[in-house]
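What follows are several structures.
In the two assemblies presented below, chain A is common to both, partnered first by chain B and then by chain C.
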Partner chain A sequence: MTDEIDEMEEIIIEFIAEAEESLDKIEPLFVELEQKGEDKDLLNDIFRSMHTIKGAAGFLGFQLIVSVAHSSENIMKKLRDREISLSKELMDVILKSIDMLRLLLEHLKAKDGMEEDIAPLVKELEDALNTAISGTGIAEEPGEPVESGTAATVAENIEPREEPETAGIPESAQNPDAQTGSSPAGQQETAEVAQAAKDNAQKPKETPQNLRVDIERIDKVMDLAGEVVLVRNRLLNISKYFNRNYSVDSQTETLMETVSFLDRVTSDLQIAVMKMRMQPIKKVLSKFPRLVRDISASVNKEVELIIHGEGTEVDKSVIEHIGDPMTHILRNSIDHGLESTEERIAKGKPPKGTVIINIFQKGNQIVIEVSDDGQGIDIEKLKKKAIEKGLLTEEDARKMSDDAATDIIFMPGSSTKEFATELSGRGVGMDVVKTNISLLNGYVEVSTEKDAGTTFKICIPLTLAIIQALMVEVSGAKYAIPLSPIEETRKVSKEEIENITGQNVIVIRDKVCPLFELNILLGNGSNGNNGNEPDHKYIVVIAMGDRRFCIAVDSLLGQEEVVIKTLEGIDTTSSYVLGATITGDGKVVFILDVAGMSRKLFELIKL
Partner chain B sequence: MSDLNMKILVVDDFSTMRRIIKNLLRQIGYANIEEAEDGAQAYSKLKGNGFGFVVSDWNMPNVDGLELLKKIRSDDELKDIPVLMVTAEAEKEKVVTAIQAGVNNYIVKPFTGEVLKEKMDKILEKINS
Partner chain C sequence: METSTVAENVLQLVSFTLANEEYAVDILNVQEINRITEITKVPNAPDHVEGVVNLRGKVIPVINLRKKFGLPEKGAGDTTRIIIMDIQGVTNGLVVDSVSEVLRIPSGIVEPPPVTANMSSKFIKGIAKLENRLIILIDIDKMMGEAVQV
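Entry: the complex of A and B
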């Protein structure tokens, strides 16, 4: 008996996930439909998804879902069968039904036992359908009244929830396959649909075998893989010791071979586990067409959204955390970036604004670009506001380069009504975007050109759990610096270090680059040499977007693969520490948060 | 009583639905159940695998339930496999088309294990008589 209950529980969980996926899939289709006009393939896809949700919900006894899906499906069926055409009103009410289904699924997920009053929505759906039908007049067309009447009665018997007014509508042109003798128009449509079906059949989709696995299990495997990496690293160290001291022993050679094999397998395991957590970023993007539609409608602008690279795979945690910042950037682009239609026409631009989301993998990073073809950021105005707000002094503002000035929008407190309208400025500003992205160890930068547009570029490391790091030492303590933002390492002599207005800098390939002592950054006071500067220093050059800075350390120890363990109770926003790891020799080492460092340091020196 | 080791293919594009139907079949006592996501996959699975029964959804992408049925009936190897069609609305003209195409019976969603058993037993009885 308990087995059966567990089975039911699992089925319900699966249903929720699958239904949510279906809704995610159909929502952008609707927006696409609105843009492209009525496309029968799209309409059939939409109808089928809604239909399936209803069917499964019926089995599981989720009557509220059945009712909403049923009313919504009725509209989709008539749309698919060309009995009515898509209007903004229908679209709005259908999107509402999708929202309601999501809400109902949330209740199921939370098991909160809460019920929603769906009656008003069901009524609204039916009214919208009736209005659409009386608007087209197709309903009055003589079809096969007797046949249709029977069909409606049958349907009513099976679906007791069906309201009489919808049941009474003649269901002509119901199914193309079933159309044997009707009007010429109907026949033509049948042929079209049959052709479409044939087209579909000719491109059979690949059906990969999928297995749904609880994310906790994957995370557990991820965690264990991390531990294996740590053990591997220790073993590598120990085997090196044996190789040094007992190289004559034949067993040492065997040990070295075995360890090197383990080394390779561990790396493969790591990649395999990492891939298990990767999902196409499409999951996040699917809500954007709807969002763009809603935002552009509310500010009365025409916007086209173009998305490239939606198949790019990213870590699950990226999927979970990138949605909000991207939403915020999109809002910002539409609300502030794009001009009003009149302004665009006056400027000789196409009346419809364009927002492009471009996603791609670059080395070990995922790059997400959101660009608009709007007016660009008015830097002088931005500076002025920042001075008024007390975020900048006038002198700072004057010295500030344009690139640095665009970053003002990421400053906490910059998002006020002067900067943002109601829409984008609901208490949260672009600084939240920055914070969210740095939580993913990523960074965001902005480039803008007057009247050409603005681009936000987000860069995020591919995986968050295991990273390649450069091990460095300062005052006898080891630290790990994530490898991906490191541009190069150098050995510099004392003479190469210059001082400009109190800030140490060095010149690298004709570019001035600020230099910081790691020891001082970490709050250890001095540079650890009691004023006796050594002749040479090792520096690590970090590049975060267009910003570069150098960190001076005592020595470079080499590259190591480290597993990030988060630290409880450490304020990572102020300590420049991202987490910790256990190295090959079994010691706990801090991993430095260079993204945070970059942010803080550039705030300080305002370069 | 029908042979509980009979190999049954459940065809539906929604995995929850496949699972629900599989579960109902297990409750009846059938143990040898396989799944397919659409008509195309179902057809290739059926070929040469000794299936004794097909429970198929109607509305699916690529090859739908009706097309699958037609393919089964026009295939010498498969033509005698009983097919039970799962449909949401028993629209009369739809069912007529299915009967003309050689469906053994249809069942309207949602259904219980008992109704499923009844429909299947009836089909199998008819075939064996």
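Entry: the complex of A and C
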């Protein structure tokens, strides 16, 4: 190792990233361990990861991390060698040590030079170990305390293979399911992780090659790919023009061929770049087993968490933003959804509640379902609460369908729990969930059945950067409507449009659907036809969750793949616009925010 | 102001006209000056937001300074320009009647803005007195800061 600060810095950054990954990996294993009992493979795995952290930290001189890792490794060693048996107390203290390790890593990352007082925790770990040893009746001397900072400890902790210059590298080779997430190993199911990690340890050389790339570089490539898409669209337009007007020229044919080749390559490029940003959603899920364990312990309920489809890949931006809403829903399900153990037994349900997270891809959307087998949402109670809090009038509540009523929980300021608990019901309600998800251009809906449970269904687009859109035109201006919420488009005659108490509606397959003029929604005043209503109109039927409405436009221009450009410098909260795109002819076209539109419109007409 | 000091106490400004008055902004904020291109109207936007334009693949908002300053409207003409400015990291375009020149003036001739009840006077950093003309120096950060919040 050289004395150069840059190099040292890089090694430390590498170490932090790897240590965090190791912690992410072992945390769910602990919870699994608790469920499965003492599984030797699992224990081995945990032990090894902890040992690696300790070794690398020791080498770099992070004594606090070494001490914590060492103490909890001691416990795992004894567990692995079956000298002590696993207890809840032991698990609690081990999980605490993981929290502490995370905290210490945070300090390293922030370079704030802050230190945590780890002495109480180390003592707690040792005490727990001693208790466990005396509990099992095996006479054993207590885990040797760490000799702080001595060369002996450090040397002992470093395995021979870890040459100083390459300290960070062997670990990265062992962690194929790391950062990039593009490797097949990244899609393993949790159950397989133990086995896979073991395999990896045995043949580290054969693991797929991974590269850690700064996300900014990928985003830059993404931006450039977006530019290429726009240029491709322009070229397609130009080549069509040449094909129309100069089709006799042999060069025109060459141009057409070249452009269509560019077209294909561009599409491939776009997909390839998008995949670079895709990561298994497992990254978010790994914290949930622990979270569920902690929540259920604090509300005294027994909960089993089942996760399906954690290998599903989603865009990085989705990974970043989906964690909080999911955590909130999980808390809600356990705290409010599931009944207490006694209640469950009284109802003849299994005493242990189940929460299932099911993730799958549907078209170009990711669907995340969180279901519990609890008591369901009491709709009457919900309505009553909403009336009390002034969120609804009594008349509205009476008219409201049950489906519509469940949406009350997404209103700001509604919480059905009588008393705020430690976990949820702190005034921060499900409305936050809804807001966060609509920021991702997605939507959330809830279905519930009394005593059978509640399911939250989140739908979000796979990526946020490029979307399929329907191009429409009103009064000469083009707009793009995201394709995913569009149910259908129709040509309707004037006679089909009816007016009920001032609201235009149209009947589609026996269902009444409110109809809005896009022109009026966008603040362009009249519908631009000077009172001369054309005989026919085109309508776009939008379905957001169970809400459905129609937008009337002058004409439909066709489907296009558009790159979303964010708007900086102007406030678009009231303009129903989620971004803009640049079309083939270089014009700026706004992409409409139909989710926002739906929210606003249904607030107004209160359907 | 300090940032524009090239030699001691010299301000470099870009001057432009709006309704027969001459204004100027700090040259360091100015990225480029373009002829007026096709502007796409922003739905339900405040009046002074003229729309957005495509600046080499980037979508940037365009502010109509006449409307912003409460001056009478005037359609785009031959001399109409969009001044592309970088204001605190955000790129914006300002529509002006015409762009005049790049000025180098000693900061000594800039006087503080007159105290008036005029709402746009709070965007004025000072008034530069040249031989036979007055140039209004605009505090662009203050002005756009407000425009963004609207």
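Odds and ends about this structure:
In this section, the second predicted complex is superposed on the first by the 521 of 607 C-alpha atoms of A that agree within 3 Å, B and C clash if a C-alpha of one lies under 4 Å from a C-alpha of the other, contacts with A are read in each partner's own complex, and residues count from 1 in each chain.
One rule holds in what follows: contacts are C-beta pairs under 8 Å (C-beta built on N, C-alpha and C of every residue); 3 or more make two chains touch, one makes a residue touch a chain.
Predicted model only: the values in this text are computed from it and were never measured.
In the superposition on chain A, A:A477 contacts chain C only, with no contact to chain B.
In the superposition on chain A, contact of A:G523 is made with chain C only, not with chain B. When the two complexes are overlaid on their common chain A, residue A:I281 makes contact with neither chain B nor chain C. Of the two partners chain B and chain C, more chain A residues are in touch with B.
For chain C in complex with chain A, the residues that touch the partner chain are 38, 40-45, 49, 51-54, 57-61, 90-92, 144, 147-150. Put simply, chain A touches chain B in their complex at residues 7, 11, 14-15, 18-19, 22, 45, 48, 51-56, 58-60, 147, 150-151, 154-155, 158-159, 171, 174-175, 177-178, 180, 197, 200-201, 204-205, 207. Within the complex, the chain B residues that touch chain A are 13-17, 19-20, 23, 37-38, 40-41, 59-64, 66-67, 88-94, 96-97, 108-111. Those residues of chain A lying in contact with chain C across their complex are 226-227, 230, 477, 521-524, 565, 567-572, 574-577, 580, 582, 586-590.
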